[in-house]
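Next, two complexes with chain A in common: one pairs it with chain B, the other with chain C.
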Partner chain A sequence: MIRFLIRRILGGAFVVLVVTLAVFVLFGPVLTWKSNITPARLYAGKSPTAKDIEQVKTLLGLDQPYYVQYAYGLRRLVLGPSQDERDRVCPGSTAEECDQLLGRFGSSFAKQRSVDSLIAARFPVTLSLAIVSALIWLLISIPIGVLSAIRPRSLGDRMATVFVLIGQSLPVYYIGLLAIYFLSYRLGLFPLSGYESFAITNPWPWLSHLLLPALVLALAFAALYVRITRSQMLDTLSEDYVRTARAKGASEPRVVVRHALRNAMLPIVTMFGLDLGLLLGGAILIEVTFGLQGLGALAVEAAKRLDVPTTAGIVLFSAILIVAANIVVDLVCASLDPRIRLE
Partner chain B sequence: MAAVEEHQDLHVDGGVVARTPLRLAAERLRHDYVALGSVLFIALLVLFALAGTVFESWTGHPLNRSNASGVDDYTLLPVGPMVGCPDGLASVGEKHCFVLGASNSLGYDMLVQLSFGARTSLIIGVVATLLTVVAALLLGVVAGYVGGWTDTAIARLMDVVAAFPFLLFAVAASVAFGPSLWFVIIIIAFFSWFYPGRIFRGEVLALRDREFVTAARMLGASNTRIVLRHLMPQLIGPITVYTSLSIAGAIAAEAALSYLGFGLPLEIPSWGRMISDAVPGGLYINAPFLMIFPGTLLILTVLAFNLLGDGLRDALDPRGGTQL
Partner chain C sequence: MTLLTVDNLRTTFRTDDGPVCAVDGVSLTVGAGKVLGIVGESGSGKSALSLSIMGLLPESATVEGSIRLGEQELVGLSKHDLRALRGSEVAMIFQDPMTCLNPVLTIGWQLVEAVRLHQQVSRREARKLAIDGLAAVGIPSPEDRLRTYPHELSGGMRQRVMIAMALLNRPRLLIADEPTTALDVTTQAQILELMRDLRREVDAAIVLITHDLGVVAEVCDEVAVMYAGRIVERAPVDELFAQPQHPYTWGLLASLPGRSRTGQRLHQIPGAPPSLLSPPPGCRFAPRCALVLDACRTDPAPSLAPVGAGGSQVACLLDQSTRDREGARYAAGEESA
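For the complex of A and B:
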């Protein structure tokens, strides 16, 4: 098990390393070559003089060759900002003040803050959206998937098929706009937009602001999960042990839930963990549409302002998150199914 | 001519006609009304996209040109459908008639923008899919056929690409590359090849050890010949299915990217951007048709390619039935 864990962590670290390299190449050489923009010019503000640009280059360490810049960036990501960089970026301030300005992911061009603190401020919104919508989609899709697997080719199954095909073809942002127009504006069922932070005393404002966006996001995923649940259930229902359970005289609900569904759940749980990345992608569209100030909305905002460190920081942060989630999923699967860790 | 027909329908004794698998599939498809409806819709969409210049000359509203008559003088909202058409439906095709209204607060003509937007969607859908399928075939077939560490490496690469969110990376990359048509096509292909790639790999993996491959190898066929002449014909089914599904995916991806305001340069019209044009200042609350026309067209288009792909799958592999 330990060997399996180490191998997976090394693999994950390698993937993150490749992503850092890709991000560095994109926002260094490619940005300069394709758009004729250098980060130094962006940072220096409107109509900078050549001298301003030179100063910024020294400040951000952009006067170094690319490979040195990359090595410094990687070092900062792993160990935090070096003393040398702290002295350059925030001279004369205490370590705590400097942490507000400079973090592992660098400091934002648009705001005088570290990218770390921006991500920390926005991430709870995205996480809330993800949790609520994941709950909704599992509650919708697993029962529908199970029911349509029990009676394949019935009317209900055919309707589920149509639901899946339509659900997969719907653009979440357009459905979001329609939902705001009809449910929030015309019927006044939900707040129009925005986000309220979670409070244990009165969670309703938090939930009411999240419910509609989470519902719309869940719809797109529910379609996918109905499909997987149905095909997994169809597979397990034709297994020998299901026939044995029936032969022993177990009731039909017991056969379906205890014998078939339990075995069908493992691939569904795996999928669920792996879909974290897709969820982050879907969250961008939902956050922009519903005016939720989450990580995805921050990425779009930063990219529009050419705030290079923030955009890069969010990409790296999500990459680390996704890789970590993948490792956790692998571990869970390996502990449930010994065949995987012996592979 | 007669010889060819003779060859296609092999008359076995007693008047029994042997039919090729492709012919059987075509016959099954002919009775699938959902798939036929999708084909009809796609054909109409192609016509609609080709008619862009005709619409321009009818309405006198060129592409991407703001029209003063397209904005209401008092409300400053884009004008609604049939504004500027005094005789109702009879005046469709006359100059300065906004058949479907204006598409944004500058008074662009909705009909013209939609038509050229269809062109954009179809071009991106087809070209990105071409790249996707070629890349998926190359990597999938090599992984499945060669096996060993090549297979492991390619399979891991597929897992990694699959795990990362397309939109976040596309937004970041579009900052570096700047807006361009080719950027959008390539980034979509880059994030979609893994899915058909996995399918092709699986197919080849299953076929590789079959008797006909061993027989071909016994007869001295080279690897290239085995792949091209013996394996590829078996892949025609999945290739057709995933081409249709990929087109749907690529069209949806382009629209999402344009909705966020990245990817395509402003002079290339896009349904996704038309939907996002309805958002600032809550424009769609007062003029919902701004999002409903491009949104509905987008849904129907993506649905048509998905349904067609599904129908093709059923027709080519009847044993699988309606594979959900």
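For the complex of A and C:
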């Protein structure tokens, strides 16, 4: 088990390394080469002089060759900003003040803040949205998927199919706007937009702000998961060992829950992990529709302003999350299926 | 004492192309402590017959006729009552032990479940019974095996586990659907040996479904030969091999590899089994039969009738002297028609 974990983590670290290289190349040399946008110029403010730009280049280390820049970037990502860099960029300020400006993921030109602090401010929103939404969609889709697999072509199954079609064909911003108009504006059931931080003493404001966006997001995912659960369950229910369970005299609910569901869950768990990892990188459409200041909204903002370090930082952060999600998925799958441990 | 009586059983599957009658008017009996072999090629209705007895058919199937276990009628029994019988009074062993055990549950869990579904015993007692069960089918260090998962066992071991699981609740009827087909030859021999031993011990009636006449010769007391959903010949096992009566049985016997035919191509019955969607009128084997008569091709199909003093029954219109003459050739195993 430990060896399995170590191997997966090392593999994940390698993937992240490759991603850092890709991000560096895309947002560094490629961007500079194809356009007039050089990081130094963006950083230097409005209509800078050539001298300003040179100064900024030295300040940020952009006058160094690319491989040195990459090595510095990688070092910063792993170990945090060096003392040398702190002294250069924020001389005379306290460590805390400097942390606002410098971080592992770099600094935003536009906001004069570290990308770390920007992500840290936005991530709780995205995390809350992803968790609440994931809970809703799993609770909706797995029972519906199982029930329609038990009675394929029944009325319930057909209704589930209609639900799947609706969920998959209506874009979230459309359902989102309808939901805001009818449920929030006309009926006043939910706040119109925005986010409240989670408080353990009174989680309701947090939940009430999240519920509608999470529900709309969950609807789209639930549709997909109903379909997968149904087809996985149908496959599993025709397996020989399910027939064995029936031949033993197990009741139908027992056959479905104890013998079939666990086997059918494996691909669902795999997909769930990946989807959750993706969502944690920001659910752009939902966040924009519901005015949630999450990572997705931050990414859109940054891209619009040509805030290269922020955009690159979010890409890298999301990639790390997806890699981490993959490792967790592997662990969960190994605990569900004894055959995986050997491989 | 007769334990299982199947009377004029018809099992029909609804399909998109129309009804398929997989078992068409089958009657048979098995006594306690006896082994009935049901032989036939793929698609002859052997498995549909066994699943009908178990009540494990999909919902698209309808069963008519009568299946009696002792005095109890199984056809038309409620799902709940059938479930109570399954695994306790009637147990089943399936063809492929590789896929018949749940891959994500331990052997112990699956065995204990089988006990506790039918016996009101504690987990600890169920575990004890499971260990005894594994020991009875010749599994070494059964206590350790309880913790293993199916993929950690060989095919033969898994089939032993399946047999142990089937016997845990001392069933009166055991249906074994090609229990050795998926195993390699040495393991096959071991499993057959085990079944022969168990047969003496458990005193259950056994229905052994197979397409392998070699297996029949080893284990069975009586044989029913099935073709296209019907029984064409029934005989005590010695009679079947000594005086086979039906042309289809001859074909099966001729296609067995034998010592006297070394170096020759194995015999093959020409043609293919008929579609059960639109079976031919009369005897279903008529289109492939070398000795077919005109009368064979018209309804009604010949029904099983007793022949000789040995207790054989055959559904064939050929006259007795032809059958004796031809049958003797195949029994001797010298002919490859």
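General remarks:
Operating definition for what follows: the second predicted complex is superposed on the first by the 328 of 343 C-alpha atoms of A that agree within 3 Å, B and C clash if a C-alpha of one lies under 4 Å from a C-alpha of the other, contacts with A are read in each partner's own complex, and residues count from 1 in each chain.
The definition used in the following text is that a contact is a pair of C-beta atoms (placed from the backbone, for glycine too) under 8 Å apart; a residue touches a chain by one contact, two chains touch by 3 or more.
Predicted model only: the values in this text are computed from it and were never measured.
With chain A as the common reference for superposition, the partners chain B and chain C occupy compatible, non-clashing space.
Within the superposed three-chain model, A:R122 lies out of touch with both chain B and chain C [touch as defined at top].
Between the C-alpha centres of chain B and chain C, as seen from that of chain A in the superposed arrangement, lies an angle of 70 degrees, given as a multiple of 10.
In the superposed model, A:T244 lies in contact with chain C only, and not with chain B. Look at A:L336: by the touch rule set out above, it reaches chain C but stays clear of chain B. By the document's definition of touching, neither partner reaches A:R76: not chain B, not chain C. Legend: residue contacts after superposition of the two complexes on their common chain; A:L177 is shown touching chain B, with no touch to chain C.
In the superposed model, A:N263 lies in contact with chain C only, and not with chain B.
Touch criterion met: A:A319 reaches chain B, while chain C stays clear of it. In the superposed model, B is the one of chain B and chain C that contacts more residues of chain A.
Between chain B and chain C, the minimal CA-CA distance in the chain A superposition rounds to 11 Å. Residue overlap on chain A between its contacts with chain B in one complex and with chain C in the other: absent.
Against chain B, in their complex, chain A makes its touches with residues 11, 15, 18-19, 23, 26-27, 30-31, 34-35, 148, 153, 160-161, 164-166, 168-171, 173-174, 177-178, 181, 185, 226-227, 230-231, 274, 277-282, 284-285, 288-289, 296, 299-300, 303-304, 306, 308, 311-312, 314-315, 318-319, 322-323, 326.
Of all residues in chain B, only 156, 160, 162-169, 171-178, 248, 252, 255-256, 259-262, 272, 275, 278-279, 284-285, 288, 291-292, 295, 298-299, 302-303, 306-307, 310, 321-324 touch chain A in the complex they form.
Contacts from chain A toward chain C in the complex involve residues 239-241, 243-251, 258-259, 262-263, 336-339, 342. For chain C in complex with chain A, the touching residues are 54, 56, 83-88, 91-92, 94, 96, 99-105, 113-114, 117-118, 149, 151, 162, 165.
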